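Structure in structure tokens, see below.
When the chains are written out, they are named A, B, C, D, E, F, G and H in that same order, and each has its own residue count from 1.
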Amino acid sequence: MLSLNPESIRKLFEQVRAGKLSPDEGVERLRHLPFEDLGFAKVDHHRALRAGMPEVVFGPGKTPAQVAAIFTRLAKHGKNVLATRANQEQFTAVRKSIRAAKFEEAARAIVLRRDHKRYGKGLITVISAGTSDIPVAEEAAVTADLMGNEVERIYDVGVAGIHRLLAHGEAISRSRVAIVCAGMEGALPSVVGGMIGVPVIAVPTSVGYGAAFQGMAALLGMMNSCASNVSVVNIDNGFGGGYVASLINRL
Amino acid sequence: MLSLNPESIRKLFEQVRAGKLSPDEGVERLRHLPFEDLGFAKVDHHRALRAGMPEVVFGPGKTPAQVAAIFTRLAKHGKNVLATRANQEQFTAVRKSIRAAKFEEAARAIVLRRDHKRYGKGLITVISAGTSDIPVAEEAAVTADLMGNEVERIYDVGVAGIHRLLAHGEAISRSRVAIVCAGMEGALPSVVGGMIGVPVIAVPTSVGYGAAFQGMAALLGMMNSCASNVSVVNIDNGFGGGYVASLINRL
Amino acid sequence: MLSLNPESIRKLFEQVRAGKLSPDEGVERLRHLPFEDLGFAKVDHHRALRAGMPEVVFGPGKTPAQVAAIFTRLAKHGKNVLATRANQEQFTAVRKSIRAAKFEEAARAIVLRRDHKRYGKGLITVISAGTSDIPVAEEAAVTADLMGNEVERIYDVGVAGIHRLLAHGEAISRSRVAIVCAGMEGALPSVVGGMIGVPVIAVPTSVGYGAAFQGMAALLGMMNSCASNVSVVNIDNGFGGGYVASLINRL
Amino acid sequence: MLSLNPESIRKLFEQVRAGKLSPDEGVERLRHLPFEDLGFAKVDHHRALRAGMPEVVFGPGKTPAQVAAIFTRLAKHGKNVLATRANQEQFTAVRKSIRAAKFEEAARAIVLRRDHKRYGKGLITVISAGTSDIPVAEEAAVTADLMGNEVERIYDVGVAGIHRLLAHGEAISRSRVAIVCAGMEGALPSVVGGMIGVPVIAVPTSVGYGAAFQGMAALLGMMNSCASNVSVVNIDNGFGGGYVASLINRL
Amino acid sequence: MLSLNPESIRKLFEQVRAGKLSPDEGVERLRHLPFEDLGFAKVDHHRALRAGMPEVVFGPGKTPAQVAAIFTRLAKHGKNVLATRANQEQFTAVRKSIRAAKFEEAARAIVLRRDHKRYGKGLITVISAGTSDIPVAEEAAVTADLMGNEVERIYDVGVAGIHRLLAHGEAISRSRVAIVCAGMEGALPSVVGGMIGVPVIAVPTSVGYGAAFQGMAALLGMMNSCASNVSVVNIDNGFGGGYVASLINRL
Amino acid sequence: MLSLNPESIRKLFEQVRAGKLSPDEGVERLRHLPFEDLGFAKVDHHRALRAGMPEVVFGPGKTPAQVAAIFTRLAKHGKNVLATRANQEQFTAVRKSIRAAKFEEAARAIVLRRDHKRYGKGLITVISAGTSDIPVAEEAAVTADLMGNEVERIYDVGVAGIHRLLAHGEAISRSRVAIVCAGMEGALPSVVGGMIGVPVIAVPTSVGYGAAFQGMAALLGMMNSCASNVSVVNIDNGFGGGYVASLINRL
Amino acid sequence: MLSLNPESIRKLFEQVRAGKLSPDEGVERLRHLPFEDLGFAKVDHHRALRAGMPEVVFGPGKTPAQVAAIFTRLAKHGKNVLATRANQEQFTAVRKSIRAAKFEEAARAIVLRRDHKRYGKGLITVISAGTSDIPVAEEAAVTADLMGNEVERIYDVGVAGIHRLLAHGEAISRSRVAIVCAGMEGALPSVVGGMIGVPVIAVPTSVGYGAAFQGMAALLGMMNSCASNVSVVNIDNGFGGGYVASLINRL
Amino acid sequence: MLSLNPESIRKLFEQVRAGKLSPDEGVERLRHLPFEDLGFAKVDHHRALRAGMPEVVFGPGKTPAQVAAIFTRLAKHGKNVLATRANQEQFTAVRKSIRAAKFEEAARAIVLRRDHKRYGKGLITVISAGTSDIPVAEEAAVTADLMGNEVERIYDVGVAGIHRLLAHGEAISRSRVAIVCAGMEGALPSVVGGMIGVPVIAVPTSVGYGAAFQGMAALLGMMNSCASNVSVVNIDNGFGGGYVASLINRL
């Protein structure tokens, strides 16, 4: 955090040593340096850590033109770019300037992939309870994929048909991290958490009706998981699930 | 429902026929008959249906003397009597007048059993997720037992250790009705519901802390069960679970 | 649950006995058998239990084409098929390939009926509090009917006009199971539960406004029913109510 | 509301007329009169309306000495005095200075009755669903009684035994106002409301457990009553129920 | 309630007296009489109480044709008819068959008035906090007017400008019942309740945003009113407010 | 508050002095004076305090014609006028009669500025966490600006990039009052509150999804701020934030 | 914020100029300076702003010995010290080492006052709705008093007796800031807010029962205040109210 | 998952090959093998993964004797044992049979440490917002320590004094995983999440009062974190935080 940036501060010291600035002037100039120049940059600006991290834009509430403009600007950094919760119109607008962008329809994501390096050290499995949870699961999967991970999708294995889940036991047991997306009662992360000894990122979804309360029932269920290896992100936050899992898989 | 009680109404008709009452007097007397005499008794007062139904007293908030007094009065009908959520002091008071009463400590229940007939036609399994759910599960089990059912207890088989549950698959599959008690995320009824094709009565418990919200998380989870054969009773309502299951098992 | 499937496993034993496989190879092959071949099928896949169970598709959020495709695929199994919360457009699409499908408008359900056998042993009454609850009640009624039950509908008998309910006392008292649908204060299941000695499945509906909170008031009311024979399914879950009642009525 | 108090204002006018004050001085003095002298007293300070209105002190959180001091001060006005949610210790303290005070144990109320006049024009029935609701119902009944009303208590007539309620149909139909106290699902006011054509004051109680949420389930149920003649006061507010009913019964 | 209907029952007694029926046959026939013939009609079917009560239809969710059909059927009884939460299209449809129907736009109500008798004994004031609360207040006012009451409207007198409310003090103090409609913090009923000694019916409205939670903040505020003469109906339930106030004003 | 209006009251005194009215008639007339004539005007009607206060109209739910009519009427007082949550159509309508009105698009506000005096004594900073919070922040900024304050905007400095916020430390430390707008977790006011020793007005926004619950998460976060100089207004209430800050800055 | 501390940084520059350190060593040492030495002290550490600010300890959950130890340590800075939500035992412990400490019983606060200077520029009024709100109001009053403000207490002026509040109109209108404490429906801040043109700090209290939900009803009411000059702090947070008001009054 | 256990199944194959069992008998015996013998053990039973995992007992609601009995039984496996939320009495009981057990008072934990191996690959920092959050933070720290991790504690660095947090920037930036515990507004994880590029496990605590709602405000705040590397466990679940962080740090 406090790793000061030598480029600008050192110059100050050199000018003082050279007698071009008095110590008082040095203090004064230091005071007016822009924040980044003071070295209070975020650690994750650092090269090593930022490698492979996509730039991200959140689609909802933005016009196609706005998404395209932001996407294009982010693309200038030469990195992977991801637009989440995007729609076809937004993609069409992006496509005009960024020909290499692709639309992952199931994930509702616009993706620009330039860095194909594998950063993750193991397998990330993305597991969903029902078919309606797939958009959230796909958002997680596309995010993890774009961040350089091997991803395996295991969908429609809800707890009311536990045999379907168990049939994928072998694949699940190979996970280095698991992302589990479920709406309604949100019980799947607990079951998966009990099957494996690695971290499970639970993503509640707003799937359901009535007492599902737009994902609140699933969220509460996951917070109360009786499996100790489960932690939770926001309702429908597939991107967050994929992001956290990717960070873990890089370690 | 409208099966009128011949004893009192018929007398009116006979008195009218005998000229002892005019039709107008008949109508007038009919109007003043007590409700029960008009035959508007509840159907379940009827003999056949009431057989084996225990009389019940709810313990909390009552002094030992009050519980003893009510228990003793109910015991006069010659039926099974059940005091739920009772404590040792209440039992000691009951015991003084009803020597045959027993205290089911794990179920927090005082039980007087006189009718040992088997009314239930099949097996009721009572399944609990964790050891902390056992008091509620036992309340359900004792209720079902007292109502004349074969009961099998399968405890501590929460979803985070799905293999423990599966290990009881054979017993569970023999159930005619299952009662599933779970706190925290309340996921167990969904899993059990998916394993068997018979009715599952889910009992959320107040076990847990923090976002468990005294059973609300479990309740919401169960309401949103993805298994279609699950219906739910109130939080910690082991008696209700045992009662509903017993009614079903009599059919 | 653990009733192993002889077809595939027995062959392994025979091959080992015949010396075609070594014991080690037997273990290895066993390990790679698909899950179903290991016999871990759900009990309710079993013939006897599955008889008369409809295949079900949930309509909302699906295009007419999607509903038609799923419906047609499910229809291939030769069973009854039910699409819930469906609309006229979805029906029109289904109708093109499945001429025998019918649209139950009041229930918002597309129904294909091939198995007309009576599986239920008694009468299921479907009771609704107000006319606005009828779509949910009809969903329950159509489900129970399709699952082979005698169904009687008693609608618009809310608790604020208790005499209307009592006027149906005789029909209600003949029920083997009752399904009670109510929104607003959700009081009807308690009253019905007190009238009869058989299981009552309560279905809260989202009917009402203001403090009805989309069915939450009704749901809470039903969870707290002072009648012990009431259990509850999710808000507006007419299908669930009909399904649970049908399972009970088969016993 | 704007009925000015002649005593002080008139004097000003007289002094102005007598030339002792200039008009300007009159305005200036008027400006500095205390609020009450300006006549902005509450309408219900007026004699006729206040007749028979008890002075009230709320017991909880006050020491016996505090309750006794307030009670004694209020008693100086020569009116009826009521201490609600009081306990035996508070009563003992009150009794020392006010010998005529009585403790209504079931209502948890200390009562001083001096005005025995009948102000209410008809019958107020106080109806409770269960025995646990009686303390709240008694608070309502004692309040209505102290405010000069004929009161009839009809207890333990919850909706799960509708025949018990109907058996009191004649008494209920004689009500000019009904107060209905119920916890759990809070359904009783709707049923009573449907039986009679007069105002029903619903008092939710905190009786119940689990999803009763300390009376919230009952409160929501009553807010959503399908009977149009029901209005609601706060949870456990027996005093409020009795007070509103008394005001209505005076009209 | 139990006021038996002499017409049908008396005939039975006469036939028994005449020897045309045996007492047993009398009981049997009695059992099969329709419920209404047994006299279990609602008290408010009775003439005196029902006089001036409008027939009511709730508009939302109904097509213009449906509203028109129901309205026309209700109009056949020769009474006042009211359609609440109605729109212009529904009115146009009603108007085709019932020329005398009028549309009260501010109240969103279709009104047919035939009985112009004054049933209420005093003044009902309808008070609203803001201009946005007027639709609910008008629904209350139109209801009270149609039920034969003198109604005075006092609008836009919210508590943040208490002087505006006080300026209407004289009119308010003449009320026999007050209906107070307020959204946002819902404080107005408490202030009005403190100004007058008569019953106040509080109607929370869904006016507001953010933490107003569609009227929940106002509802909770009103439930907790520090004025004892306040009782509350559902959010936006202007009809209920007008109805309860009218019943009180008839006493 | 009690500063009586000499115009009308003094005349009464003069008429009494002149013998044209008796003291009793004086009292009687006083009683019937309109409220304002009694001088119970709000303090903030007073000149000094009202200087620079804009007249305000809330846009949502009003037609363009309605907004234009109200805006035009308010403009007659010769003061600044503000329409909040307005749209382009409403502006177009306003513009027809008030040519000087301007549309602040980012703030969704129509503004008429005539009084350009600086009333605020120091700097008001308006700080927003994310770009999505800008509409609310702009509403606060435009309000504060229109009320005669120097305003500095510091946007997109959410707590997950604390260095961006710190980079504006100097500007923030010059604030006399700060308005901090944030959705999602609503943490920014606490951080800003800890950086400066002056009042911070926190405005929760409805930005976010899932467990953000339309601003409730941010609202709760801000209520629980560990910085003691934070107070909170309603969700999305940028106007309220700007108004309170302006009042403070005038002191 | 970024006003760098010359003492330590300047020395670095001087050492570099003197050739005692190379520029690289300067950067390195800069990097290891403690945070405060880098000048990133909080602005309110600054002398002028901190003058008269008390040191504060929160009493609940701490033993008397812990409170005494912390209080004594804080007292070493020579400033005013305040322990909130303290009890008699904690005071006795504090008193042993700090003889000058006093216990403000009504405010539940231990106070050490050394700085008697008047920092506030005008009057702070502390207004409470009921007598039960006084502990919170006193906490606010004692805090404001200790922070050097003229404080006037106006208690027991709830909205159901609006005349009592109006009777204090003159005092209220002299406020430079008002703190308004209210539980139950929390309506008082809106009324006060409408009476005056200065900032109102609303403090919801947990006074009430049932649907008061421990202050949530009051909190929501205040968030939705129709008076624009109201901002809100946490439930029962009298200290926060007094602190914010004091900051404003210093401006 | 499906890695069958050769020991028992292979014997079956050998017996079949040896002709001691027919294929049918093999299938039959296979069916009756205990679940574990079928190889459906949990993956984390596997040696490598389980190394260093403590056995855990949850203290609340258990008598000292019960805790001692469970602790002693778990200690027989020769592993580390942890009792969470334990008290001094429970420790005294444990100590009698397990002399090596220690009581970590700040963490409310009883610890038996036998395996001192370092399993974690990097540093886990445990960060708390306030001193009241320390018990939860310590539970996390003790758990992580017992699971073989290097742990650094950084306490009392809440967001309202951001400079205190920044002063620990260097230590925080060395974290491989961070656990952040905070009550009240729960903002700290977002700030920490923005400072570092590694996974952050957020633990909401029940610290606070009023609108903190026993940790719900903090929980919601954390779910809505604007930092993408944050995932959340249950309120006060320090153990869960430490457990998840340890799993991640092993990778």
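Assume a contact is a pair of C-beta atoms (placed from the backbone, for glycine too) under 8 Å apart; a residue touches a chain by one contact, two chains touch by 3 or more.
Note that the structure is a prediction, hence the values are computed from the model and not measured.
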Both-way neighbours, i.e. chains that touch chain H and touch chain A: B, C, F, G
Set of chains whose contacts include both chain D and chain B: C, E
Identified repeat of the A-H interface (over half of residue pairs identical), from C-E, F-G or B-D: F-G
Between chain G and chain B, distance of the C-alpha-averaged centres to the nearest whole Å: 55
Chain B and chain F: spacing of chain centres that average the CA atoms, whole Å: 59
Intercentroid distance (Cα basis), chain C paired with chain B, Å: 24
Mean-CA-position distance for chain F and chain A (Å): 39
Shared-contact residues (touching 2 or more other chains) in chain F: 2, 35, 42, 161, 166, 194-195, 210-212, 216, 219, 223-225, 234-235
Chain pairs in mutual contact under the definition given at the outset: A-B, A-C, A-F, A-G, A-H, B-C, B-D, B-E, B-H, C-D, C-E, C-H, D-E, D-F, D-G, E-F, E-G, F-G, F-H, G-H
Touch list for chain A against partner chain F, complex: 34-36, 40-42, 60-61, 204, 206, 214-216, 219, 234-237
Touch list for chain F against partner chain G, complex: 1-2, 42-44, 46, 49-50, 53, 56, 121-122, 166, 169-170, 172-173, 176-177, 194-199, 201, 219, 223-225, 228-235, 239-240, 243-244, 247-249, 251
Complex contact set, residues of chain B against chain E: 2-4, 6, 9-10, 12-14, 16-17, 19, 22-24, 26-27, 30-31, 35, 39
Parts of chain H lying in touch with chain G, wherever the complex brings them together: 132, 161, 163-164, 166-167, 209-212
Interfacial residue positions of chain G with respect to chain E in the complex: 129-130, 158-162, 166, 183-187, 190-191, 193-195, 208, 210-213, 216-218, 220-227
